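In the two complexes that follow, subunit A is the common piece, with subunit B as its partner first and subunit C second.
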Partner chain A sequence: MLNIWAIMMVILLVVVTIGISLYARSFNSNTANFYLAGRKIGFMTNSTAICGDYFSAASFLGVAGAVYASGVDGMWYAIGFGAAFVPVVLFLASPLRKFGEYTIPDFLFARFGKSHKARVIGVIMVQLICIFYLAPQMVGAGSTWDVLVGVGFLGMTPYETGVVATVVVMMFYVALGGMKGTTLNQMIQFWVLFTAMFLVFALVLFNGVGNYASQNQPLTNASTVTVGKLMEGEEGKRVYDKAKATMSPEAFAAVDAAVQKGDPNASVNVVLPQANKLHADRTMVMQEPGHRYDWLNQFSMVLALVLGTMGLPHIMNRYYTNPSGKVARLTTLWVLAFVAFFYIMSSVVGLGGRRFIPELAGMDPTTAALTVDGLLLKSDQILPVMGKLLFGEFGLGYVAAGAFAAMFSTVGGLLIASAASWGHDIYENYVNPNAPEWKKVLVGKVAVIAMSLFSLLVGLGIPAIGLDKAYPSLIAMMVTWAFAVSGGAFVPMLLSSIWWKKTTRNGAIAGMIVGGGGSIFFIMMNILKETGVFAAGSFGATLGSLTFPSIFIVPLSFLTIYVVSITDKNKMPVYVNNIWARIHGSDKLSERIRMQMKEAEQRG
Partner chain B sequence: MKPDNSRQVAYSPFFGLLLQKKKHFLVPMCLIFLIFYFSLPVLITLKPDWMNRPVVGSISIAWIFATAQCVMTLLLSSIYMWRAREFDRLVQELRNEESEEEK
Partner chain C sequence: MSQMEIATQKSQKHRGTQEDASLTTQFVTDAELEKVNASFSAQRRLSFSFGIYFFLITLIIPFLSGTSEWWYGTPLIFGLTLNFWTTLLLFHVLYWLLAFVFVKRANRLEDELSDL
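Up next, the complex of A and B:
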């Protein structure tokens, strides 16, 4: 479905984005400006930029889709992403900012008595988290292009075209604009995606959400199966019979026609009642959770969602750009208000979809092609479809621009965070400490380009290894994995090194390795199991049985930090009390002590 | 400028008091948050019937509880902002006291 409005609005967005980067180019004369926008960003700019970082394509399209497909279960993402800011506010935001370093690796270096080892391990973890978070954005870019533009160029599939186009635009504008350009862009991109969501939300509210949720009928969803699968088993218990009982006679006629033809490999679209995974004996309804996970995975996911935000490098770097504690607090309050409102809007749109799509899809042939018996085949398409049904072609175009804005702003933030880590933490400290400013900025730009090309490979590689077939809602899954890795790698380390004075360097390093490495290991095992590399019942499959490892890994990482720290007691940094005053004092006190420590160092 | 001045800051009883006050505030806040947050998955696992009961019109407790999580997030953070100002004032007092000692 080639759509002129959608293409025009996405192109307009790209033109504005690049224009801003050209404008911001003049600010990037030194690295402090390139990575942190000179620390002179107001609270409104910064809070919209954090929201831009935070609302990726996955949350723009995915949350509404999850509520539409699973009901209350889909609310988990909305709740988790919002609630995750509470621990950030309580334990991290203000101490990290007062400590006054650039990045999480810098924090590690200064906190543990100038430990190079801790910093390098921190850099590795930052890069791993960035890759884990960039991967779902790439998948989002590809599938959004597939849905909204639907054409491939230069002999590529639409999916590949989407990934390549996004990477090229991102690479160009982030390398050019630096943190200042990215921040200004994120501000504009945030308003594009926020107003797009608001438009659909307002139209849904205006027309009435409907009462699907309260009807307590069994939850049904559309899916595609082959005729062979459909007719498997004894009569009366086949998928065919279930579908016949669920679907309307008119819709089922198409299924019957395919069955009559007799080709077992032909695929048909059916609507089926969903199973309750949490309570196998209960009927799955929209009002009740249990569509997606059993209790163990549910707990683990809830934990990953609430902790993961604390370790996301691109969000945490934002807190360093606040000039004062007051501004940092105002920023957080605004972020929370935007996040809460945004996810409530998404959930309402998801609910409204259950009413409007069956009612209106029949009138619009392109939408009807995406549905079966009034239900969307791919729930992630709900936002563009609703935009089109309620506001015509313009609505679809606006939502398309919103989706790409969401993707650009998240990828931009990640690329800057990743480049800051390569350029600042590694190059400026270890490779060439005496490099002139222009050279340091150049290295940052090269890092942006290198990281973009790497994520391009990841984006193209994911369908090639069959990941998209192994996991039904791949984007949401991969985002939660990124949260699990960042939660495991950084959360126990940050919390204990800020709030437990006796944490030692070795303790922090061991905690990061166990938390980050352990999470990645178990996620890989799960991927190998789901893609069928491990046979069912083998040892590998047992290792990979948990989708999200957080529930074991996070406590294990805390325990590791504790045990390692108390066994090498004498390794506390010499100036631990100064460090403590820097972390927990007021703005002026922290700044003064930082200066004193610097002076003492220079005197030798 | 005395380089050891800052080391004394951390040892001064006032600073200890400040940190203690912070902890006395943060620990209960954190507990409230964790209990409220995790009671949602616990309740839907253990009490599905209760969570499914309609309260406002036909909207079930599960939906209301889920939305209340967003409200809780805003509420707890606002309380923190309000208390953080007080902590900053305490540190200010600490600084004043210290500069009197220096004279």
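Up next, the complex of A and C:
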């Protein structure tokens, strides 16, 4: 799928990104500017930058793909991502900004009487979440390069080239541009990905979405199976028989030809009717739920996404860059509007794919090669394919630029959050508290480079350990893991610390360990189950069957915080009133007390 | 007497942390604290009541998806079910409206603290 428009537009995006970073370089004279852009980001800039942070490759390519493959259950995914900013505005946006620190670990340190233990555990959790979230971005970078550019350089495969190119660009632009440059870049990257989505959405609406959903045709999807698997079971009930009944005779001829050759390990592409996991007796159709999730997972998936967003450090750090608590709320309102429109567009594109790909794929040999009997083999390719079918090579190029913009902006946000945690929370506080400003900024930049190189290793290592084969939708799955860890580690802690005065340091620490540690434990169990380490039916496999642990882990973390806090024998310390006024007072009062506490600390 | 001086007079020593005045001094006056607490209670009531609406609205969808055929299996408009239209469109609009009303009310509450 080598496309000159795609390469040109991605190069243009990289050039603009680097240009902005060079322009923003002069703003990074001190750490407040490097990490928080001087706390002077207005609501429109910040809301678009938050969206840029939030819309990763999984959102840009994955949601439309999920709707195309699963219908209503795919849209349920969009609801989880879209609704997530409602609890942010209800519970966190304004209090976090008013508190006025740099990072979540900073919040922990100050909220719990300068607790070093709480801060260090916070740093560990931030790093874990960043790694969990960076990993799918790296896989997305490699896969997107593979699909949209299709060539490797310097002896690397296209996948490796995509990972390396993304890391090099990110390392350069975040280290050079700091938060100011990253914010400006994220704003531009947001508009690139948003307009790319709008282009395809408008073309689908203009040409008509089609009536695949309303006609209640049985939902079918393309997949790859081995000939051995195809012929398993008694005649009439084999996968072979289902495929024969579903596919057109012309398309099925290729399947028959592979069967005739007799190699049981040979792979064949088939189209199969899908099962309904929610109502087993009903035919699975596009407009009914049940393709992806059973009843428990319908609840737990949406809770994982909704709660997980509240704990994502690269999103929450952005709230510290607002000038005031009120602006933080207004910012979230705009974010919600952009997010809602974006996911509505994604869903419409996914639905339109069911009409246009069968109709138009045959006219383009490159696209035809990606399909089986008019259905895409990899649903994540829906957006670039639709861009190409409806707007030619330019459409594909624009979508390619949008996909890279989505990755750049999310990785940029994660790198700056991770660097802030190492550089500010650890170096400035424990390693060299008296370091001059230039040295603190330098350490932040070194942290960006170190984390970038680590991401490179993660990106290259995932296919090497075979994780991509264990999970068919690896990017979406890994993003959900990141949401589960952030939801477990930070959400109960943040909500309790902000809204329950009696939360103690030990309660918060215990909650983070139970929530973050518990989520990671269940994710690891799931990986061991899916990679075949645990035998089917074993205790380990049972533990590993929980795809979205948040539904149990988040309440457990809340309970832990409550029990530990009420059994803590420490009386409520004096400073809690100061903290309370900082979180829940006016912006003016919050700032005054923050300064008074700082002055008292310096006098002491 | 300035607010800072009043606050400093309320300095209280706490056993074991005498060395750090930022932890042992109350910088907020009782009057200010009373106002903050009143605002906090109102804000908490507002946030949590909207939070309950939010989670009820969100979780009712999977509940109806599992239990009510009129919701997930009966075509309503243009041959599409209520479940379909809600997840495609209505939910996003509803969430934004919920947040909009909340922000208006929360900002009004915060304005009552403007003299602090």
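The rule is short, and it goes like this: the second predicted complex is superposed on the first by the 595 of 604 C-alpha atoms of A that agree within 3 Å, B and C clash if a C-alpha of one lies under 4 Å from a C-alpha of the other, contacts with A are read in each partner's own complex, and residues count from 1 in each chain.
Here, a contact is a pair of C-beta atoms (placed from the backbone, for glycine too) under 8 Å apart; a residue touches a chain by one contact, two chains touch by 3 or more.
Here the structure is a predicted model, which is why all the values come from computation and not from measurement.
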item	value
Three-chain arrangement built on subunit A, subunit B and subunit C clash or fit	clash
Residues of subunit A touched, compared between subunit B and subunit C (which is higher)	C
Partner chain(s) touched by A:G113 [first = subunit B, second = subunit C, both, neither]	second
Which superposed partner A:Q127 touches (first subunit B, second subunit C, both, neither)	neither
Partner chain in contact with A:V72 - subunit B first, subunit C second, else both or neither	both
First, second, both or neither for A:T17, with subunit B first and subunit C second	neither
Which of subunit B and subunit C A:K598 touches, first, second, both or neither	second
Touched partner set for A:W295, first subunit B, second subunit C, both or neither	both
Partner chain(s) touched by A:R329 [first = subunit B, second = subunit C, both, neither]	both
Touching both subunit B and subunit C, residues of subunit A	72, 75, 78-79, 82-83, 85-87, 89-91, 94, 211, 213-214, 278, 282, 287-290, 295, 298-299, 302, 306, 325, 329, 332-333, 336-337, 340, 343-344, 575, 577-578, 580-581, 584-586, 588-589, 592-593, 596-597, 600
Complex contacts: residues of subunit B adjacent to subunit A	1, 3, 5-7, 9-11, 15, 18-19, 22, 26, 29-30, 33, 37-38, 40-41, 44-45, 48, 51-52, 54, 57-60, 62-63, 66-67, 69-74, 76-78, 80-81, 84, 87-88, 91-92, 94-95
Residue numbers on subunit A that touch subunit B, as the complex places them	72, 75, 78-79, 82-83, 85-87, 89-91, 94, 211, 213-214, 278-279, 282, 285, 287-290, 295, 298-299, 302, 306, 325, 329, 332-333, 336-337, 340, 343-344, 575, 577-578, 580-581, 584-589, 592-593, 596-597, 599-600
Subunit C partner contacts - residues on subunit A that touch it in the complex	72, 75-76, 78-79, 82-83, 85-87, 89-91, 94, 113-114, 211, 213-216, 278, 282, 287-290, 295, 298-299, 302-303, 306, 325-326, 329-330, 332-333, 336-337, 340-341, 343-344, 347-348, 499, 573-575, 577-578, 580-581, 584-586, 588-589, 592-593, 596-598, 600-601, 603-604
Contacting residues of subunit C [partner subunit A, same complex]	3-4, 7, 12, 14, 17, 19-28, 32-33, 36-37, 39-40, 43-44, 47-48, 50-51, 54, 58-59, 61-62, 65-66, 72-73, 75, 78-81, 83-84, 87-89, 91-93, 95-96, 98-100, 102-103, 106-107, 110, 113-114, 116
